[in-house]
Structure formats: structure tokens, C-alpha cells
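Labels run A, B and C following the written order; every chain starts at residue 1.
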């Protein structure tokens, strides 16, 4: 157990390092910061402005290793080298490793602050959706397994596939148009952080998020439970005279949950990021919305930081999952 | 006609040739024969297959270009759609006048599914979008399937440090949520300028092949993991040890013994992966990093329809047509993929 | 044998409906079992012996299994006509099972104690101290330090210990019939002998009827009163153990007995069974001397 945990914990920084390199490659090596600057500055772009923009963000340094020459040279600002590692790559690495996310390329705001503000609305949306959705999906999956091989099971499976086949934004457009605008049950847009009235803004988006993922989840969980039902221990329990319901709710559920935990806990930290589509549509000022705005304004710093932050959260989530898995599953716990 | 278009056509043809080769090659083995017989009894599966074939055909009609005029060309679909006149603005399905509360104008033609804001026939646009879906699915599959299958087999067969490295690479890629990674890559591609022999392979801006390229970066992971697991299971079986004991080369073992036994997974992944790619393309286009504006794509059409439902009178036909077309393809692919899986592995359903 | 047998199977036929057609697993067999009698059902894999064992409490998954004809009378009541609740009251409480692979037959995420306790709580409501009862049964099957070991999870026990725990679970509700479906096949040879010893001891102490399902004639001699030999879904020979082992009538029985390797015997190869010859022979009528 201990050696397993140590190995697992050693792997985590290695993967984080990989993600850091990957984001660097995507954002700095595939295209040049100059192109980025020209794009952001638009009509204001002239050599001086571009240089200022790059220098302010530290993008004027050499990309990988500093061999003594500045990559972007402007006569007025001779580049003073401070060693081999004074480059975009190593500065990025250092900032990311210490979670200094820098400033937005477009608005110039401190990203750490921006993320802190956006996290709460995002969590208010995604946490209830995720928790309710999980329990609904497990319940429905168990029900389908209970009536397995019947026409009801077949129909349920087909409905799940149909739900999966509708693109998420269609749910949102429809939900917004019919429930909010047509029937006028809920506000179609906006958000207020003030106690109960917040709920009024959130009920519809949360419900839509649940429906969006339900088909896929139910099918996945059903498959997990069916896999368990084919195991020998189920026959043993049946031979003991255990009822069908108890067989599912005690024997199969506990074994199946171990498999489900792996899938579920890893995503928990990601909930902070909210949902791009839902937040954008309903005007919820979370991180998902922030990202969509950044896409429209080509704010690479925001996209880059979000990408990195998400990966870190996911990796932490995975690490926690593996540890939880080791605790829940006696086969790993005691080996 | 520029290099981009040729590239698309070539890759689409190559990918479908590969698919056909898979099926013809695979059908010789007993397992595939049995699976196809089982599939033949699955009526819903066959119906889904027919629907997919219709979509592919429509996509092909739009993809195949024929010379027209002095130095232009147009697609086969244009031969039919050319007769549909363009209107000035919105018109409801089967309406005789354009949609305007104050000055409704008589329409020049008859539009089964109405027209959009620019007066284009929605049915024609919807059918044209099959091409985009086809290219996204075909080109991406042509790139990611060989990579995923090869790396999966190599990791599962060689194990050791090779396996460790491949696992590390996909763990890192997998750590970034798929949609974010795609956005990041597509954003980066927007500024990328790659030329080869004077031909612009990747010119700045958005394009459909770029989406396919980006989608390939993430799509191979699932296949690779699947194939790796199955290869590991197969190598533990007696016939592989027997082949090894008889002194067969690694290459022979992989191509003669392992490949035929994991090939069905490739086919299933191809079909189910296709549906994923189509939906992802729609989301990306919707987020503004997907298909370039003007490209007929269901994602673009849905994006354009955002505000239309809150208009008065409600404009519902663009959204509905695009959604139904996309839904029809994705649903058929999902059902057909499930049927295939059942046919190859009846026990697990 | 008493007048009304404990268990009476009459003309039982079971088939499996698969996509490629029906597979007849059991083709109209009849056999009976008296109180405290030990019956060995011997045959190769695919002979229908395990299917018969599972059919006693209708444990076969339906579909694909179909009970096409016959009856299974337990104390004169037909199991095949029982309702779900009646079947549940039968399973574990009156007819209990031990399966082939103890490592997968025990639920990996529950302790031995909770798995045995589950059976006791289901069928013996009157038991106050369940833990005590669990420990008693683990003790009975020769698990040392039962109080401590019962908090273990299955994977913490060795294969032999796991099978003992399975036996304890089966015995915990004092069933009238214990069905042991290949109880030793997955175990080491030395452990096999111990488990058979254990079953003999149970037979003598608890006066319980045992149906031992096995492909191995080698373990039958010491324990069984009577032997039934099955071949391709049919009973080809039936009789007292000594008679069948000493003077087998059917060619298949002879072949199976030949397969037992014996020390001191000079043989260049282990005997194998010539199925084509047997196929021709199996059209002969079953030999019965009981």
C-alpha cells in the first residue's frame, strides 16, 4: 500500500511537468508571440507597440535557451541577458509551478483574482448538477439493470443513445426558449449572488446540465453494473437466497461503486471551471463564461492559464481518486 | 481549386479505401464472418447503417467537384441546388412571402425548409453540411486510427519502457480536458503558417482540415488505450506464446496474430468515434474556433440560430433542420456502433 | 433409502436458447437422493452435471436457460413450479452450494463475517448472536482462530481457506442438501485432499445429504455412497460407488476410471478418452444396478 502511494505521488509531478511543456509548445512554439501581439493590438500594431506589448509580458525573451541575443530587438531597448535560463520557457515554467498565472492579454487584469471571482458562480452551477446528476444516473442505471433483458431495458437504452446524440447547445437553446422565454417559469438570463434569488437563476441551467449528461452516464453506469452482475460472487449470493433487490443494492452496487468512483472523483476539481456553454448562454459570470469571452477576444493568456489550471486540477483529482480507490478497495488497501 | 481542397479529397478517398480494406480483409476471418451474420439479423442496426450510407452519399455529392464554366468548378450537389433561387431574407417553410411584418415580399421560389437570414435555402445548407461532417470524420479517422492502433499494439506487445513512454504521453494529453485542448490547439493553428514546396499547407485562419488535425491529437488516446488493453490480454493467450516458442519474428506475431484479433475494436471505434467527432465539431464551431464562417456546417447553423428563437415571429427552422440532420447522423452512428459491438461480442452486449 | 426420497428428479430436460440454435444441456434425466446420502455426479465438462446441480434451485440464468420438461421434487414439491419467494426460502436454507472457484465466488469487498452473517440473517431470524454463530461455523470447517479470521477479506485467505469459508457459509443455515460443484478443481492437490476430508467429516457429523459434482473419479471413492455418471446430458451409468468403481459397465465410465493416474502403474502416456467410439456406445441404454 505504502509503496503504491509513493509511486503514485511521484508520478504526479512528472505528469504536471509534461502538461507544462505541452501548454508551452501549443502557445509559444506552434506560433510566434509576435503574431499574437499583432492580433491583439490589431490596428494599433506597429513595431514599438508590439515590442512594448511583448516586453511587458516577458515574451520578448528567447524562446528556449538564452544564447545571448534578444529575439525581438528594438533599438531603444537593448536586451540585457541574465543567463542561459532567462527565456520565455523557463519564466513560464517558474510562474506556472508557483501558480502565478500572470495577467490577461486583453484586459490586463490579474488572472489569479479573475479566477477566484469566477469560481463561486461556476461551482454553484456545476456542483449541484454533478451531484444530482450522479445519483440520478446511478439510480436509473440500477433500474435498467434490474429490468435487464426486458423491452423496458431496450427502450431505456435507446432513449439514452438519443439523449447522447443531441448536441449540448441544442438542449440549452431549447430549454431557454421554451421554459424560460415561452413559459416564463425562470429568468432566461442573468445572475445575482444573493441567497435564495440565486436559486431562481440556477434551477434551469442546473436541470439542463443534468439532462445533457444523463444519457451517457446512465449507459456507462449500466454497463459497469452489468459487468458486475456476470461475476461469480453474484451467483454465490443468489445461491444464499438473497433477493434480487438486495443483490443489486448491496452486492453489485458496492462493487460497481468502486469502478464508478474512479470516473467520478477525478472530475470533482474540474467543477470549478464551470460549463462554457451553459454559463455563456445564461449569463452566469463563471470561469466557463470567462473562457468563451477570451475565445472571442483571442485572449491567449486566459486560455493558456485555464488550460493549465484545469490540467493541474484534473491531475490532482486523479491522484486523489487513486488514493481513494486504494482505501475503498480492500484488494489494494491490504496488499 | 486550391491545395487545401485537393488535400481534403485525397484524404477522404484514402480513408474510405482504408475502411473498405478493413472490412474486406477482416471478413475473411471466421470471427468477422460470424459477426457480419449476426449483424445481418439486427434490423435496427441495418437501418442505422442505411441512414449512415445516405449521409455519406450526400457528403460525397458535395465533395466531388466537376469542372464548370471557364475555370471554376462546382459540386455534384450544385447541379440540383443550382435551381433553387436565393431570397433576400428569412422565409418560413413552404411560405409564399418573406418573413417581415411590415413589408412581406413574394418569394422567387419554393423552399421546403424555409430560408435563413441571408435568404439561402435551409434544406440546401443542411445537405451541404454533410460534406463538412464527412471530412471531419473521414480525415480525422484517417489520421488517428493508424496512430492509435499502432501505438496501442506496440505498447501492449512490447511493454516495458516503450509502454511506459506511450502511457506517459497519453496521460499528459488526457490531463487537459479534451475540449480545452482542442480550443488551445485550434487557437494556435489560427496563427500558424506552414508551407511545403510553395504550397500553403496550413495558412493562417480557420479551416476544416485544421479541425480534423486538432481532433486527431485527442482522438487517438481512447483507441490506443483500448487496443493496448486488448493486446495485453491477447499476448497472455497460449497462441502468442506458441508463436513465440516457434521462433516467429515480432513483426509476424504482430501482423499475423495480434492485428486480426484487435481489428474489430478498430472498426467499432471508427464508427463510435465518428459520432463523437461530429458532435465535437458542432461544439467547436459554436464556440467560434471551429469551421470558418461561411462553411456550411451544422455547428455554424446552430450557432447562427442562437437568437432566432427569441425573435418575433419565432424563426425555428434553421435550428431544427441543423439539429435534426446532426441528430440523425449521430444517432445512427451510435446505434450502428452498438450493433457492431454486440455482433462481435454477443456476450457483453 | 427411505420411501419418499429427499430429492427426486424426474425426466428433467434443460436447453439453452442461443442465437445459433438451441443447445440441449440435459436430456431427460431421472435420479433421486435419500436423506444423509452422498451422491457423486461424475462427468466431463459439458456433460450437464453442473447444469443439473444449478437447476435444483433454479440458479441458471433464464434466459438463455429453459426448463423444457420434467420435475424436480424436493420433499414432494416441484421446484420448477415454485414462486420467487419460495425459491429464495429454499436457496441457502435447505439446499446450499459450494462452487468451483472460491477466489471469485466470494464477494471481494465484504468480509468473510458479513458474507456468512448475511445467510444467517436471511434464513435464521432466531439467531441472536450472529458473530458467535459465524465463528462457530468457521471453527467447524477447521479455520483456526476463527474470531480473528472472520474479519478478513476473501483475498487475504489462501485458496484452501477461502473454500473452507465457502463451506462454512453453506453450512451456516443447516441445509438438508449441500451441492458441492467441483469444490476441489481450482485447488492444489494437497488442499484437495483436505477439503474432501472436511466434507467427509461434515457428512458424518451433520448427517447432511451431499451432491458432489466432479469430473474426477479419484475423489469419489472415499466419500460417495452412490455414483451417477453423466455423458452429453444423459445418465449413462448409476450404482453404488463400490460397484461402479470396481466393475464399471459403460464404456465411458471405464474410460473415466482409466484416466485416474495411479502410483506404481507403468504407463507411457496418460489415458485419453476416445469420444467417437463413445458416441457410438452412448446409444446403448443406461446401465443401472441400483
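To be clear about the criterion, a contact is a pair of C-beta atoms (placed from the backbone, for glycine too) under 8 Å apart; a residue touches a chain by one contact, two chains touch by 3 or more.
Small disclaimer: the values here were computed from a predicted structure and weren't measured.
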Most distant chain from subunit A, judged by the mean position of its C-alpha atoms: C
Chains linked by the largest number of contacting C-beta pairs: A-B
Gap in Å, rounded to a whole number, between the CA centres of subunit C and subunit A: 53
Chain centre separation (subunit A, subunit B; CA means) in Å: 24
Rounded Å distance, subunit B centre to subunit C centre (Cα mean): 54
Residue ranges of subunit A in contact with subunit B within the complex: 14-15, 18-19, 22-23, 26-27, 30-32, 35-36, 39, 158, 161-162, 164-170, 173-174, 176-177, 181, 188, 226-227, 270, 273, 276-277, 291-292, 295-296, 298, 300, 303-304, 306-307, 310-311, 314-315, 318
Touching residues (chain side subunit A, partner subunit C) in the complex: 149, 231-233, 235-244, 251, 254-255, 258, 329-331, 334-335
Subunit A partner contacts - residues on subunit B that touch it in the complex: 168-169, 171-173, 175-177, 179-181, 183-185, 187-192, 204, 275, 279, 282-283, 286-289, 298-299, 302-303, 305-306, 309-310, 314, 319, 323, 326-327, 330-331, 334-335, 338, 348-349
Residue ranges of subunit C touching subunit A (in the complex, touch as defined): 57, 59, 63, 84, 88-93, 96-97, 99, 101, 104-110, 118-119, 122-123, 153, 155-156, 166, 169
